[in-house]
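Two complexes, one shared chain (chain A), two partners (chain B, chain C).
And then the complex of A and B:
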């Protein structure tokens, strides 16, 4: 689906200052239909990486291929943005129109589709994020989670193959976070949408197929959530907060009680503990 | 304080006016405003007032809502009335204060002007009460399309209006947050003279400005991600269609405009002396 091949990228904090290298030969492949989470702290390069995936930023060296299309080629620009939908952190700053359905229509309108086709796509996209009843509402009166779902619907209406979400839950309350994550997971399961979720909440990574931990522009860990989360030492060094279930398991391990497998979610933890009891 | 902004407010109701094509509504409103100023004599102005009144009733928006829009412009009406009454010196003198003589012509002009301003405000609020902001910008974009001829970028203009309308509530909310934040730091925004109040606005406006720039840059990124590339090859989901009532009202408006211009020219003498000659 997306191939990142040996990319280099640096940024300057101020103009004329020495550029600071961020990516030095980073390579990564995102598989079709997979659910990948990229974890990392601020400054780990995860947001820069997300903008590389749809050509908003171009690598200085190396290349990024989206379904074989090079992001550096201007000719591919619209096709790549149509294929890889990028959802940002602040829902307020990505909604264009004051009416929900008109905002969702913004993308397909830019693609120059026929009015009735846009209408169909908008209705489908709103149904996919469970916001059909809000179609004619004002975007200003929605909650944060609802606004973020509208932003996702706006991307879905362009019929992307892959959805990249850059910390979509960072500005939301717990309820909004759950709404957005459930929506994204459902899209991955039911429609086979390739999802790249960028976050600094480790518990959001627990249910993914693949989990990548980044630090200072490098891939520190890469594997299934179980594989990645068992690297306790490395994770503690990055300063990411472990899910409560993992923390409990590690504390038990320190006291000599080892669970058969590392639990990632509350439910797994409960089951594991119940099995331990006689 | 910031919640009183009634500009561009939409009043949902199910009326003929709500269902009219927004382009027709804009043309009707512009027509009404032109009529207000074209009507130079009392009978034609009365006719315009009557026409506006009928249209207002057609909107099913409570009359109270229209009267509310007049409240903030009472000072404007008073000032223009006084200026007109003082400076226009036609007709017979009525009374004299110090060195200023107020004449019948002055009073009449003042009354005309006040009626015109009231009609102007009410007819434009009729437009905003019955039309959603998006319909409004849409209609403006389509009405201005001929101006592409003179290389005016109509699409960008309409896009700017859409975004401005979309961000009004967001920025109001943000202003309130910044105000609270500055108050929590001991800023005094609500007391003191005019000058100190203006000065107190600086710590509110500067953060607001900076955050608006950040929002603008993020929005531009988001729009680019959604394949926005200007108005070329862009289509619209909602299409506007003229229906029977749209055409009928347009014709009616054109007839009224013509009738009032004619009555100004040919009937003014006759009607004026007939109706008002005896009174004044």
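And then the complex of A and C:
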């Protein structure tokens, strides 16, 4: 789906200051239909990487290919933006209209589609995020979680193949977070949407197909959540916390109790303990 | 005597209009000196309104707020005094940083209290130390700091007024795990070093479990529970009905209990859960 080939990128803190290198030969492939989470601290390069995936930022060296299209080629720009949709952290910064359905229609209108086609896409997108009943509501009166789902619907109306979400739940309460995550998981499972989710919440990472941990512009760990979270030492060194179920397993290990496999979710943890306890 | 007390507080937004909302409904509770209270409740439960009532930013329709035994609205002309005594840190307080340097920003509150330059200088240093901001950051522009540092600088601005009660609205929201840990440790240290009472609103039950001595649960503007964390988190059904979570440790222990294991009630930290599981393993407490 997306190939990142040996990219270099640096940024400047102030206008005239010496640029600080971030990516120095980073390569990464995102498979079609996969659900990938990217973890790492602020400043680890996660957000910069997400903006490389649809050409919002371009690498200084190396290239990023989206379904074979080079993001550096201006002629590909519209097609790439249609293919990879980006959703950001702050729901309030992504709403452009005062009415929900008009907001979702903004993208397809700019594609120059016929009105009946736009109508169909908007209806489908709102249904996909379970917001149909809010179609004619005012965007200002929605909750944070509803706003994020509208932002996702706005992307879906462009018929992307891949959604990239940069900490979409950071500003939401637990209910809003669940709404957004359930929506994204469903899109991945039912429609085969490729998802790249950047997050600080380890519990969100635990249910992905693949988990990547970034540190100072480099990929520190890459694998299934089980593989990645088994690296207790490396994760503790980066200061990232593990899912609570893993933490409990490690606390038990310190007390001389070893579970047969590392649990990532509460349910896995309860099942493992049920088998272990007399 | 409680340092802060609310009695039968009521507040209604837009009274007499179609948008009338009874945001705070007959809430009474008190906080002892040196206590840390966690306030939980989902969006719209009245948490923010309550916080603003507690330091006199909003005036209750009826009911009273007392600080150190004094009714804060007894003489409305002296209300400012109580805003210094009950320090309020809003959500995303770093958006309120405004001055040229971190030092000046922290000094803004104490300056408004009419203190001498010397006293202001001392307070700025003390506050910066309490939030763990190194002195070399003080002459910098607040906008050159990292996200976590900005947040701590903004909190220092409130701490510099040396309030008897510090109230924080979601102090860890939007921070990365390292930033979150630092803020939590800072709150704990501040409470221990100064003896000030701390109230904090959080959506994160793990944060509440780690810090709070008592927990206030709000729903629809009403007080649902006010008790120690073990007792509050033991009522997981009540909490889940309010679409609130309980800490993961509590959920795992409940899961084991449902499978017939004789686990103790009132466990809400992972450490305590690990100890309890170790005990069960050793003593074979299953189905006992």
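Keep this in mind: the second predicted complex is superposed on the first by the 278 of 278 C-alpha atoms of A that agree within 3 Å, B and C clash if a C-alpha of one lies under 4 Å from a C-alpha of the other, contacts with A are read in each partner's own complex, and residues count from 1 in each chain.
What we mean here is this: a residue touches a chain if its C-beta (ideal position, glycine included) is under 8 Å from a C-beta of that chain, and two chains touch if they have at least 3 such contacts.
Everything numeric in this text was worked out from a predicted model, so none of it was measured.
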Which term applies to chain B and chain C once both are placed on chain A by superposition, clash or fit? fit
In the superposed arrangement, does A:277 touch chain B (first), chain C (second), both or neither? second
Considering only touches as defined above, state whether A:82 meets chain B (first), chain C (second), both or neither. first
Quick check on the superposed pair: does A:230 touch chain B, chain C, both, or neither? Answer first, second, both or neither. neither
Quick one: classify A:216 as touching chain B (first), chain C (second), both or neither. neither
Is A:241 touching the first partner chain B, the second partner chain C, both, or neither of them? second
Tell me which partner A:175 touches in the superposition: chain B (first), chain C (second), both or neither. second
Apex chain A: angle to the C-alpha centres of chain B and chain C, given in degrees as a multiple of 10: 70
Under the stated touch criterion, which partner chain does A:67 make contact with: chain B (first), chain C (second), both, or neither? neither
Please provide the least distance in Å between a C-alpha atom of chain B and a C-alpha atom of chain C in the combined superposition. 5
Could you tell me which stretches of chain A are touched by chain B in one complex and by chain C in the other? none
Partner chain A, residues of chain C touching it in the complex: 42-43, 146-148, 173-179, 181, 203, 206, 243-245, 247-249, 251-252, 255-256, 259, 261, 270-271, 273-275, 277-278, 280-281, 284, 286
With touch defined as at the start, can you tell me which chain A residues reach chain C in the complex? 41-43, 89, 143-144, 170-171, 173-176, 200, 202, 239-241, 244-245, 247-248, 251-252, 254-257, 266-267, 269-270, 273-274, 276-278
Within the complex, which stretch of chain A touches chain B? 54, 56, 78, 81-82, 85-86, 88, 90, 92-99, 101-102, 105-115, 118-119, 122, 139-140, 151, 154-155, 158
Parts of chain B lying in touch with chain A, wherever the complex brings them together: 132-134, 162-163, 165-166, 169-170, 215, 218-219, 221-229, 233-239
